[in-house]
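Common to both upcoming complexes is subunit A, partnered first by subunit B, then by subunit C.
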Partner chain A sequence: MSNYIIRRTALAIITFFGITMLVYFMSTLAPGSPLDALLADPGMTKEEVVRRSAELGLDKPVYIQYFKWLNELLHGNMGYSYTSYRPVVDVVTERIAATLVLTVSAIVLSYIIGIPLGIISSLKPYSILDYIMSTLAFIMSGVPGFFLGMMLIYIFSVKLKILPFGGMYDASGATDLLVLIKHLVLPTFAIAIPEIGKVMRHVRSNMLEVLTEDYVKTARAKGVKEWGVIIIHAFRNTLIPIITIFSGSFPFMIGGSVVVERVFGWPGLGTLMINSITSRDYPIIMGISVIVAIVVLATNLLVDILYAYLDPRITYN
Partner chain B sequence: MFFVIKRLETDLINKLKGKGWFNMKKLKKSSICLLLVLLIVGSLSACGKKEELPESNTSTDSIPQGNEVHKDVITIGIDNEPNSYHPYNATSTSGDKVFDFIYDRLVYTSFDGSFSPRLADSWESSDDGKIIKFHLNPNVKWHDGEPFTAQDMVFAAHVGTAPESTVTRRSYFSALDGTDDSGVCNDFEKLGVVAVDDHTLEYHFKNPMAESTFLSIDAQRYYPIPYHILKDVPMSEMEKSEYWQHPIGTGAFIFDNMISGESITVLANKDYFLGTPNVERVVFKPMSTANYSAALMSGELDCVIDDVPLSDLSLLESTPGIVAESRPSMKYTYMTINCEKEYFKDVRVRKAFSMAINRSEIINQGLYGNGILAVSPLNPDNPYFNKDIAVDPYNPNEAKKLLEEAGWDFDREITFVSYNTNVAREAATLIIQQNLADIGVKVKIQMVDWPTLIVMAREGQSDLSILGGAGSLDPDDSRVLMQPNGAQNFCNFTDSRYYELAQRGRNALTTEEKMEIYKEYQQLLYDEPTYIWLYHDNAAPVYKDTIQNIPADDFIHLNFKAHEWTFTE
Partner chain C sequence: MMVNNKNDNIYSSSKKQSYFRDVAKRFVNHKLAIIGLIILTLLILIVTFLPMTMKLDPYTIGRELPYSGPTKGLVLGVDNAGRDNFSRLIYGGRVSLLVGLLSTGISVLIGIPLGIVAGYYGKTIDAIIMRIADIFISFPSIILILVLVSIIGPSMWSIIVIIGIMGWPEFARLIRGNVLSVREKEYVESAKAIGVKDSEIILKYILPNSVAPIIVAATFRVAGAILQESSLSFLGMGVQPPQASWGNMLYGAQSLTVLTTKQWAWIPPGLMLVITICCVNFIGDGLRDALDPRMKI
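Up next, the complex of A and B:
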């Protein structure tokens, strides 16, 4: 077990450095530079651009810039933002909680709703109910998050005026849990609805497969109650594929939240990332990438370990 | 976007009505049933919280009764939070909108071009136009109670010009004695800003400058910085100072807190020298401009001091409780032509492009009618506008003839770089592509993000691109676009006649002299175009009708006078 964890951790570390290198090169090689922010200064001269470029080290080759950044990172320094001049670690950490709250809420919601609906759909396959639910799942998984977000805002905020949508808190200054939950509802559903559709489809197909297995028939023959057959014997054996979807969907949902955060003005990493890319604020882009990479790699590692725990047939070797 | 959703809803309702299927009550009921889960969660979370809602969340349908009240809180939408609260480090005017509530500037400009005193009570210029003297208001105090003095403005100039600092607004100081062309000063002893005494301040210029030019352009970005707090901070550390996380100013509102990406809260300055504001707290909410309309209609915002998307304007105009009006502005949008390219060197080609563009269609389709045709960077209402020139009439036949005369290769494909975060400019790009195709010019559109567009235009990697400027009543605003080898010369032309005229205009002291020079400047821009001026888009600030005495016309000068706003229930 410990060997397996060490091996997987080592692989995660290599992947982490690969990610940082890829993101650094992709962002710095894109046209535009942080110096374009200087265009806010209408009379900026080309001499000033050259001076600032040298000051920020942007006149050096990209690989030197990367290793300089990496060296600082390994010494615990993520640098300063090129636009706000604040420490990157401060800027990123004050935003990550908002993204995690939103993403985790969406994941929990999508599984709480998606799993039972998927099970119900699988119990009477090819019935009208199954067709309706499968069609719904198909539509839900295909709706773009931004469109869904706009529709939710229009219905619940503009027309019915029952739910807010701008940010995490309202102008009253109150930052209690109820205010947060009220603001969380719409963006959570905007991320969760497409995911619910995916979970429903996966659970349904896996349940259909498992329900034909011999051990399910045996359980029924032994007189186990139907709910026991479904939950204890059948559903338990669909958990592995569900966890596989989860490990794949977590990074996807963090990515998807970028758009939804923008639509709902949610103060998470998504809006910060968009602004940083627009202003070519490389230290912030790298700071966000580092944090998200760590969260995603750690999640994947946990999921891998969880596989073996749930299914003893999977060995660490 | 909401304009589109609203139209879809209206179309659907009309169709259902036509078929006799429509019943508002039933429709609402079914919608609510279908989305039951959302409603339950929403209702639960709303339980017991109604009394805690801020006043800003009251119905937008309320009609002002004419009874003024002291407001607890108002929310203002802005498109982006300031990148920094260091006023010389702002990278966009979003910062200035918040700064105007916290800081004051020497003098403020109104829509009609008049100047009103603020930190300065009065001012006068020397006869040779090389010195301007301000007499500062002795009653102004910093938010910590310390008196504001001329030394604070001198210190601000030091911060803005110090070679060790990395400010983004250095060039606003480049007119001062002792600075180089970039605005860098290597010896503060020689810097042209002098505190004669605590309440008398002088700016000394390298070249003569009209008072109005200095006041309406350079001085509009001169914010005071508290010398008594920051005097010991090394200039090289100024931007990174913790002070900017909680700055103080002299303005009508005191910075309270900032939740990154969420809100910026400022509190009324009860000791403000122009009177206590009528609202206790102002909360700025950064959000996508596409969400402004929804936020106003849902009651989450009280005011948008930016412009709402022009496509949403008619929807907001018809919304009870909201004041939405398209107002003339000085903004201008232009198409750049890369004059470095051999095939654009012939002025007939550039003129042909100008004649081929159907500007009226751009205004109708892209701006929904909320704009006017542009013939120069100056709006026709500008006192310096040259009335002898008119927009090139849309004439594709004449344009094609000119191109043929100039020997244009009709097999050539040119690149038009544009970006898609500005709906009007995106529409203009498509219309121009079609207009040029009509005269046989093949245009390939490349949509990129804004920084990429800037680099491609500046480095001559594109043939055409679309950009815009905020404009000013003083024609000096467009000078930077004309500077050969200048960083903002997006047409990359080397002809110095345009810049020389603009520079002469900047240095002219009398209105008559300036009029004459800028007339010639605009004539040259018209006869031998480098930039193709497209349109002046209107400003569209929107606010609830419970806010009064709001100088919406002056917003284009970042002049919000929030201490004078009054409120009704």
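Up next, the complex of A and C:
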């Protein structure tokens, strides 16, 4: 077990460096350099620019620049925003909470709704109810999050006027929980609905498999009540495959929130990302990528460990 | 040898026929897949031929005042620059389908050779390729795509290439898994033993075994690519006006006034996206059931 954890952690760290390398080299390909701003100053002499360039390490090969940047990163310094001149760490950490609140609510919601619906669908396979639910699940998993968000705004904010159409808090500046929840409902559903469809389909197909197992028949033969068979004997054994789909869908949901945040004007990393790309603020883009990479890899590592804990057979592979 | 070969062919061709008949039968039985196939075929015919027969004009600006409502000649009204929304809807369909198909083609062309090399030669090269695949898979691809778009610049062709490049790991993983399982089979070992070249083993023994799962994965990938293009265009980082795309037709509806009062401008392209993506997914599901009944979900 501990061997397995060490191996998984090592892999996650390697992947983390891979991601930072990929994003770093990609951003060095970008047109324009930090020196452009200096060159625009007419008082700048050529010697001065060369001196500044050496100071920033820009005269060195790219891989040396990368290690320099990585060294700074490990000391908690991610550079300064090109546009606001504030430390990247401050700008990014301000926004991360908003994105996490949104994605975590969406994940919780998609499992709370998706699991029972998937179980119901699996109990009478190939019935009309199952057919309708499976089709709906398929349609839900293919709807673009931004269109879903706009439809939700149109129905619930514009027509029914029961929920706010955007932002995280009221204009009044009140920051209580109730206000937050009201603002959270629509964007959460916009991210969760496609995920609900996926969870339903996974739960259904895993349940169908488990329900034919001998231990389920045995439980029934022993006179265990039907809901006991379904929940305790069957569903519990589908939990492990369901955990594995989580690690695949987490990065996908973070990606989905980038787009949905834009629709709802949610002040998270997604909105920051789009604004930074428009203004070519590469230090911020790098900062967001690093933070997202850490969050995603740490979550997946935890899921892997949990998975091994629940099913010790996995560590032998 | 000759006689044997001939017999082999007779045997395999009759077996092939019944295999394809089974596949077709299972696909036809999948009602949603058939509905998806009919709608998608209609859609392809419409976006291909309607512009020619109706002389649609998606580019002329100022046909009416910005965001004017539907009239007899302009059934879906006009957009922010006074361009005909209906023509743009049809031309947008061309973009979506083109991006979906071409970028998936690129992903397959990159993923398959890398997956084969990783699976067949194993060891270090396998570790390196699969690590890189992990990097791509464990990171939200929309972020990498946005960074790349900001560097290369947004246009339909750059979007096709970028989405195509980002989609390779799925195919590499899939085919690598297949190679690993086929590599150990006796017939591959015996082919190796009699000195058949690596390239021939890969083409004759390994690839045919992977065709079915690749077709299924590619179908789902087309839907994924259409979704990614529309998201990018919606964010203003994809297909740029005046060129029409369903995603960029929704861009204007980020303003609350348009969202609230100009439904004809943004609901039709959104619905077309949902219908197209669903149809492609239904076809993918039908193909999965038909080609490999053992595959799940």
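As a working rule, the second predicted complex is superposed on the first by the 277 of 317 C-alpha atoms of A that agree within 3 Å, B and C clash if a C-alpha of one lies under 4 Å from a C-alpha of the other, contacts with A are read in each partner's own complex, and residues count from 1 in each chain.
Here is the rule we use: contacts are C-beta pairs under 8 Å (C-beta built on N, C-alpha and C of every residue); 3 or more make two chains touch, one makes a residue touch a chain.
It should be emphasised that the depicted structure is a prediction, and the values quoted were computed from it without experimental measurement.
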One more residue to check, A:150. First (subunit B), second (subunit C), both or neither? both
Check whether A:83 is in contact with subunit B, with subunit C, with both or with neither, and answer first, second, both or neither. first
Quick check on the superposed pair: does A:280 touch subunit B, subunit C, both, or neither? Answer first, second, both or neither. both
Count the residues of subunit A touched by subunit B and by subunit C, then name the partner with the higher count. B
Have a look at where A:165 lands relative to subunit B and subunit C in the superposition and call it first, second, both or neither. both
Touch test for A:98: subunit B only (first), subunit C only (second), both, or neither? first
On the A-aligned overlay, A:26 touches which partner chain: subunit B = first, subunit C = second, or both, or neither? second
Give one of first, second, both or neither to describe whether A:43 is in contact with subunit B, with subunit C, with both, or with none. first
Considering only touches as defined above, state whether A:268 meets subunit B (first), subunit C (second), both or neither. first
Of the partners subunit B and subunit C, which touch A:52 in the superposed model: first, second, both, neither? first
Using the superposition described at the top, list the residues of subunit A that contact subunit B and also contact subunit C. 30-31, 150-151, 153-154, 158, 165, 262-263, 277-278, 280
Of subunit A, residues touching subunit C in the complex: 11, 14-15, 18-19, 22-23, 26-27, 29-31, 135, 138-139, 141-147, 150-151, 153-154, 158, 165, 201-202, 205, 209, 248, 251-252, 254-256, 258-259, 262-263, 273-274, 277-278, 280, 285, 288-289, 292-293, 296-297, 300
Seen from subunit B, its contact residues with subunit A in the complex are 1-2, 5-6, 9, 31, 35, 37-39, 41-43, 45-46, 48-49, 52-54, 56-57, 73-75, 80, 83-84, 86, 89-92, 166, 168-172, 174, 181-184, 239-240, 244-245, 259-263, 265, 281, 283, 285-288, 291, 294-295, 297-301, 448-452, 454-456, 477, 480, 485-488
Per the contact definition, I'd like the list of subunit C residues that touch subunit A in the complex. 32, 131-132, 134-135, 137-144, 146-151, 223, 227, 230-231, 234-237, 250, 253-254, 256, 259-260, 263, 266, 270, 273-274, 277-278, 281-282, 285, 296-297
In their shared complex, at which residues does subunit A touch subunit B? 30-33, 36-49, 51-52, 55, 80, 83-86, 91, 94-95, 98, 113, 150-158, 161-174, 178-179, 181-182, 185-186, 189, 262-263, 265-268, 271-272, 275, 277-280
